[in-house]
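Got a structure for you, questions after.
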Amino acid sequence: MSTRGLDKSFGSLVVAKDVELTLPRGERYALIGPNGAGKTTLINLMTGMLPPDRGRIFLGEEEITTLAPEARVKRGLVRTFQINTLFPHLTALETVTLAVCERRGVAGVFWRRLPAFREAVEEAHQILVALRLGASWRRPTRELAYGQQRLLEIALALATRPMVLLLDEPAAGVPKDESAELFDVIGGLSEDLAVLFIEHDMSVVFRFARRIIVMAGGRILVEGPPDEIAADPRVREVYLGGTRHG
Amino acid sequence: MTGALRAAAGPLAWTEAEGRWRPLEAGFWVATLLPFVLVPSYLVLASQIAITALFALSLDLILGYAGIVSLGHAAFFGVGAYAAGILSKAGWGEPLSGLVVAAVAAGSVGFATSFIIARFRHLALIMITLGLGVLLHEAANKVHWLTGGADGLQGVRTWPLLGYFPFDLYGYTAYAYSLVVLFVLFLAARRMTNSPFGLALRGIRENATRMPAIGAPSRAHVRRIYTMAAVIAGVAGALLAQTTETVALEVLSFQRSAELLVMLVLGGAGRLYGGLVGAIIFMVARDRFSGINPQYWYFWIGMLLVAVVMLLPNGILGGLARIRAERRRAA
Amino acid sequence: MIGPVLGVLFDGLAYGMLLFLLSVGLSVTLGMMNFVNLAHCSFAMLGGYVTVTLMNNLGWPFLATLPCAFLAAAAVSVALERGLYRRLYRASDLDQVLLTIGLAFISVAAAAYVFGTVLQEIRVPPYLRGAVTVLGVRFGVYRLFLVGVALAITLVLVLALEYTRFGARVRAAVDNQRMARGLGIDVDRAFAVTFALGSGLAGLGGALAIEIVGLDPAFAFTYLVYVLIVVAVGGLGSIGGSFAAASLIGVSDVAGKYYVPELGAFLIYLVMVALLMWRPAGLLGRR
């Protein structure tokens, strides 16, 4: 996935300026920057939830700048949300099954009962098991622990069989005792998948990212491998002197 | 069974169980046969209740399952009623085909407006549904050469059902007819809510923002359910026209849309039976208190609404479900 | 030739000003808290009945009753906000709609019980009756008064919003509630005051409306529809939007009834649906 010259402003507030980035297949990139740097906005632009003022977005060879969000998902560009955006009264199983059915194009079927779609339900269950949620498939989302809900966010994204996965602060708000599972899952993501994640917790960033992109004030400041970024004085400055801990 | 098989059987078996008929449901439908035996003098009222229940069911599909707040659902009820009525007045009074015509008419209007409806949310949506409902009401009033205007449609004659059962003052045919149509459409609705489409609708209701992010064509889903709900409402309207052999302008009124909303909320939206239960309670109460000055009636409706919102946000069925869950937890 | 057109235009504008007074409160509170208050016109009705009672039963002069109408409506709104509305700020659209419709039903029934269903009339003071003729166009004195009051209030509102600290807080809260809270603004309190103000203005509007459209218990619903149209078309949270929309709707309605009476109310709804489809957030709205 790549973007070329992406611009976005709200009146006089510039949230993205001339953003150019390329995310190759199989890579693990981290997007960091202080609050208000425009990271989530960038994800909104990439996924089509926000239309850019200028610029173009590509998925592989195909330009997707004008495609609706659901069309981008069908082509393999998927995101998770910083704040859990789940279905409170649906069980974990129902949640993932829904995504699986949408992917398979059967979500419009209203004349056959859900149990008739065995493979969809089983696939959903398999995804939950793979994400350490196998024991909780029966429970409504709102009854799950926060860390489990974060995992469900990712499960939901994975159910769409993405090629590019944008994780918006996957570890945000997860208590320390629940984060180990989360990190295992992130570490275990398929090698074919291109992952871009926004994070504030530097330990997570340095653990998983092969390349780091630093944003500030809507622009990309610098990008490079972790050790280069860690040594770069501009990065320290942008974080107000010294590394931040999530 | 090995461990893996048991795990795989779990989710599927649970999904199967979710859609199975509960004994209480079967009991409910058996109970609907009671009026024939217990209160045969009230069969006309019973048929009215069945029709209203069907109408409430159609609103539940869009409100309870897809989260669309509509203040103009009576539009489809009215279109169905007038379609059946005008057809009958033009000389064709066969009831079942009348239902089909009404379904097509209401469904077409629903389909056309669904393109508008699916694009909006919150206040704009409420206003548009209200506006469209009022527009249709005004339009029907103006074309009085077709609809009879404020005087209503006269000269509706319904032929005997299946060529054999006449519609009479006692209401046996009317109630049986309405009840069967209600049951058949209920089965269809029930199947729909247990289908992948039903799951998608609940997704839209629970979190409309998330749906596009998992690749769901929300607008297409909304258009589909809105059209289906319009069809069902239209059939209900046609039933009313056929069983009462009149069509009054108020079938399109805001009052009817608002009262329907009250019934559905009273019973509990999103549970399929909520609309039915609410319709029964509301209509019976209205029949009981029909002597009361209409102003007092609206006073109590208002109090009821306030009470339901503050105390019983999921309606009666929701409250019962909560009690049952608490009792299960305590056990 | 141009006389009748200008006359219709003026009458439409006057009616629009009335709608503006009735709607501005709802628009701002909806924009601030996204709280759908369908009982808004019940406050207007209350103001109207206060004026009627004070004038017809207690012999008060018309102008003196206006501040009372405002205050009565504001006071009741404060009580309702504290007692009921406050619990539903985070509730669904449906719950808010139902609660406030319920309250509206109760108010209509109460009004019918206390005052009966007759159309209430008042006798405005002689200096507000009659008409003046300027350049061949007939301007009703009362309507001139109405336009004057509305413009004065609009001016006060706009100035207050732009130049007072409270106004700045309100603007911030309408713009981005979460951020406003984050900045330490007491959004709830700002809302409560705004809500009282808006309801008070509705009460004032109700009092002023008696002479133009009469007052009966159905007022709470009849004009609710128009108010909702104005708010939806004008854009939530926008005073300018409400002003423009109210004027547009007022003129459309009067012109429609004058020139194309067969269409009746049809025209207004058509205008609304069309406008909403073109601009779903309203003429000047942001959401």
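Labels A, B and C are assigned to the chains in the order they are written; within every chain, residues are numbered from 1.
Simple rule for what comes next: contacts are C-beta pairs under 8 Å (C-beta built on N, C-alpha and C of every residue); 3 or more make two chains touch, one makes a residue touch a chain.
Bear in mind the structure is a predicted one, so any value in this text is a computation, not a measurement.
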In graph terms, with chains as vertices and touches as edges, which category applies: line, ring, star, complete, or other? line
Tell me which chain's centre, taken as the mean of its C-alpha atoms, is farthest from chain C. A
What whole-Å value do you get for the distance between chain B and chain C if each is reduced to the mean of its CA atoms? 34
Rounded Å distance between chain A and chain C, as computed from the means of their C-alpha atoms: 46
List the centre-to-centre spacing of chain A and chain B in whole Å, with centres computed as mean CA coordinates. 40
Per the touch rule, the chain B residues reaching chain C in their complex are 63, 69, 71, 116, 119-120, 122-124, 126-128, 130-132, 134-135, 138-139, 141-142, 258, 261-262, 265, 269, 295-296, 298-299, 301-306, 308-310, 313
Contacting residues of chain A [partner chain B, same complex]: 47, 49, 68-70, 73-74, 78-79, 81, 85-90, 93-94, 97-99, 101-103, 106-115, 117-118, 120-122, 124-125, 129, 134, 137-138, 156-157, 159-160
In the complex formed with chain B, which residues of chain C make contact? 30, 34, 36, 84, 87-88, 91, 93-95, 97-99, 101-110, 112-113, 117, 217, 225, 228-229, 231-232, 236, 262-266, 269-270, 272-273, 276-277, 280-282, 287
So in the complex, which bits of chain B are touching chain A? 7-8, 10-12, 14-16, 18-19, 191-192, 194-200, 202-203, 206-207, 209-218, 220-221, 224, 228
